[in-house]
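To keep things clear, I will list the structure first and then write my remarks on it.
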Amino acid sequence: MSNRLNRNQMAWRAAQDVADRSYVNLGIGIPVLVANYIPGERSVMLQSENGILGIGPAPAKDEIDPYFVDAGGQHVSLAPGGMLTDSIGAFTMITGGHIDVTLLGAFQVAGNGDFANWNALLANKGPLVGGAMDLAAGAREVRLIMAHTTREGEPRLVGKCSYPLTARGRASRIYTDLAVVDATASGFVVREIVEGMSRDALAAKSGAPLAFADDCRTLTAPEL
Amino acid sequence: MSNRLNRNQMAWRAAQDVADRSYVNLGIGIPVLVANYIPGERSVMLQSENGILGIGPAPAKDEIDPYFVDAGGQHVSLAPGGMLTDSIGAFTMITGGHIDVTLLGAFQVAGNGDFANWNALLANKGPLVGGAMDLAAGAREVRLIMAHTTREGEPRLVGKCSYPLTARGRASRIYTDLAVVDATASGFVVREIVEGMSRDALAAKSGAPLAFADDCRTLTAPEL
Amino acid sequence: MFDKRVQSAAEALAGLKDGDTVMLSGFQRIGAPDTLIMALIETGVKDLTIIANGTGHPGSGLAHLVEAGRVAKVICSSARGRGSEMSPFEKAWFGGKIGLELVPQGTFAERIRAGGAGHAGFYTPTAVGTDLAAGKEERRFGDRDYILETALTADFAMLRAERGDRFGNLIFHGSQANFGPVMATAAEITVAEVNHLEESPLDPHGVHAAGIFVDRVLHVPGGA
Amino acid sequence: MFDKRVQSAAEALAGLKDGDTVMLSGFQRIGAPDTLIMALIETGVKDLTIIANGTGHPGSGLAHLVEAGRVAKVICSSARGRGSEMSPFEKAWFGGKIGLELVPQGTFAERIRAGGAGHAGFYTPTAVGTDLAAGKEERRFGDRDYILETALTADFAMLRAERGDRFGNLIFHGSQANFGPVMATAAEITVAEVNHLEESPLDPHGVHAAGIFVDRVLHVPGGA
């Protein structure tokens, strides 16, 4: 068995790449967990598209202000130096290229950076796009956190997305439970791979050719 | 001699048509004088395009806050219920049709409501458009205050403006020193004319045909 | 005198009629004008087009409105219910009884801003190359592709704010502002329900939505 | 740690170079970053494109900058000097030594907003049918004509605000905000000079320009 990462470990790994003094938007699901693992010496301002710049830690129960929720509907606090704005202010930050990085979940990503994360074509579920396309188009860098395959073992790293696209060519890095992979002009380039998994085995779980970086390393994460 | 109105009287006459509880932008020159003559029982919120909604009376010298100036650079106070905003907020009010009336000066106006007020083609003077075109396009109603003729006696109410236009078809009423005239789909319609001036004499001072309203009245103003 | 206070929800909704387009603020139930929406249901109006970020959280005013069959179409960024049960909107939509226009959230906000500012439309990079760009003009500026998105306006906007005054000025708290300030600019009649209706004017430097945009203010104590 | 405070004007202007485009806030001298502009003159940079509402009041930093011959072109809504004497800009312009792009003030503000929000352009009714629409695409939406205006961005934006904190948040006073908040969003590097540089973060509900848009803050006591 390979040392497949769990959700917290995937978030941890993504958090290691979040730069000091950066402005970051975290999507719902695994991405919001990234906030828990940003190295303590780095200051990061977390933005939420419903109008909060500077999300702080989850408040203690007796310190909840019901008017402060993030885009996922969770109660949040405000970090020092944060501020409140409206949807226009929040999306000026997003589409205007002021968010350094957005970390998003996704269903599929192609080697050229096309990705799909908004419409899983579920039966009996209405469509939800939210701010995904705005973040995908506007953030300076778009990184994805996603399982390498579906539960059924189908690849999520593909040659061409079959789900409806969120944006074309905008994803630059993908954190999976098995690898860290960059989407580049020449396709997928694997930067890190979990211990115990061969390159061939990873390629077999991927739906498009993988190149391996010269300095391809072992992907490790602490117990979480 | 006819009872030609002076600047204050022109402003007074225009002020009589400013509705209670309306939002109004006054241009520089005679229009700003309108604020002095709005009937006391009417509440009017005066807007300035540099970000003040609710301009109050000119402050006493020892009550001047140097950060409060209007679009003409005059020190102003803030009226109760007023608020401060930025240029985006101010022009959202203007181009979005939230200003009920703007009163502007002008060089020329045509019977169809075309008017020119921004570029007098002066020698050695750079052009200045400011917010004139935004107000002209965006205010719900555009009214002009202007001398009926130039100092040389040339008509300012014309068939076609020779000065560069500010907007097409947007002026609805003109207050001059001689008359109150509407610009309509069928051209100028005189609503009021000063005592002692014949219709023919007024027509002779105008550069386009004048119609006279059935209820055309005498234009009078108090001594001011 | 400016006094936009109304004494009842019925008074707040006067003039609302069948077939109207209604904007509703709120994100994750924060800032949703639920008292006004419940009163709207009481009026019996139908065939409404609703412009709101979502289609109504379980138990929300909007969910009740949809369930009551009064909504012909929703323009939103999320049409998904919560949990496994179908929402009133999903039931109506899959049953072919309600229309849907799904819009990326930033584009949704900006289309409302365009409406409020009198602009016809704008070119955004959001959604280029996706299903949500279908039928929209695509155009290249510089080295990037954009799509044309057009303005949204409404007959009524209904908001919830923390504080209001008789001039219509509003202040929001926490993440409550979201779509409130921009929707206020884009409707013929804007109605706000506020937790605190202040006797004296709000702090002019701290107003989030200017009174010029707000027509009626109703005191509805309680959050959020 | 987020700490955007700089210790000198030279540090505030680091990276500024010949040929840069620079936005300068201010309206009627209120909100003009004159300390930064005077320091800019000291640096010796030239061939600047200046985006500012006016071309510089007598004695202002911008008038000095133009007089010093450092400006290749100005994009503004007013290119007129005060009084009978020609301004430095007028002398340079009539002498064929400086370029001018005159823009209606609301369009000017909104073009900057488009730049800050990542939009390529927008359709406005302002200036339709006038000389300032020359060469611009005209297009009908509904029953009205609009022209296409395109985004403005800059290498630097220089602002003056009343208060700032180390996170870059800004608060303005009176009519000082004008073009400051929007210019902050549209430049690669935004620098603010502030009257008060606070030790503790500004009130998060009262911030007028979010720290995400502001890169450097310089303490320059004095008004306005």
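Should a chain be cited, it is by its letter among A, B, C and D, assigned in written order, with residues numbered from 1 in that chain.
By definition in this document, a contact is a pair of C-beta atoms (placed from the backbone, for glycine too) under 8 Å apart; a residue touches a chain by one contact, two chains touch by 3 or more.
If you're wondering where the values come from, they're calculated on a predicted model, not measured in any experiment.
More C-beta pairs in contact connect the chains of A-C than those of the other pair, out of A-C and B-C. Ranked by distance of CA centroids from chain B, the top chain is A. Chain geometry summary: the mean Cα position of chain A and that of chain C are 29 Å apart.
Centre to centre, using the average C-alpha position, chain C and chain D are separated by 33 Å. Between chain B and chain C, the centres computed from C-alpha atoms are 36 Å apart. Chain centres here are Cα means. That of chain A falls 56 Å from that of chain B.
Along chain B, residues 84-85, 91, 95, 137-138 each make contact with two or more other chains.
Within chain D, residues 110, 113, 117-119, 124-125, 172-173, 205 each touch two or more of the remaining chains.
In terms of which chains touch, the assembly is arranged in some other way, matching none of the line, ring, star or all-to-all patterns. Applying the touch definition to every pair of chains gives A-C, A-D, B-C, B-D, C-D. Taken together, the chain C residues at the contact with chain A in this complex read 27-30, 53, 55, 77-81, 86-87, 89-90, 93-94, 100, 102-107, 109-110, 113, 124-132, 162, 172-182, 208, 223-224.
Against chain B, in their complex, chain C makes its touches with residues 1-2, 113, 115-119, 165-167, 169, 185-186, 201-202, 204-205, 207, 210-213. In the complex of the two chains, the chain C residues touching chain D come out as 110, 114, 117-125, 139, 141-142, 144, 146, 150-151, 171-173, 205-206. On chain A, the positions that touch chain C within their shared complex are 48-52, 65-73, 84-88, 91, 94-95, 119, 124-134, 136-138, 164-168. Residue ranges of chain A in contact with chain D, taken from their complex: 21, 23, 43, 45, 47, 53-54, 78, 80-85, 89, 91-93, 95-99, 137-138.
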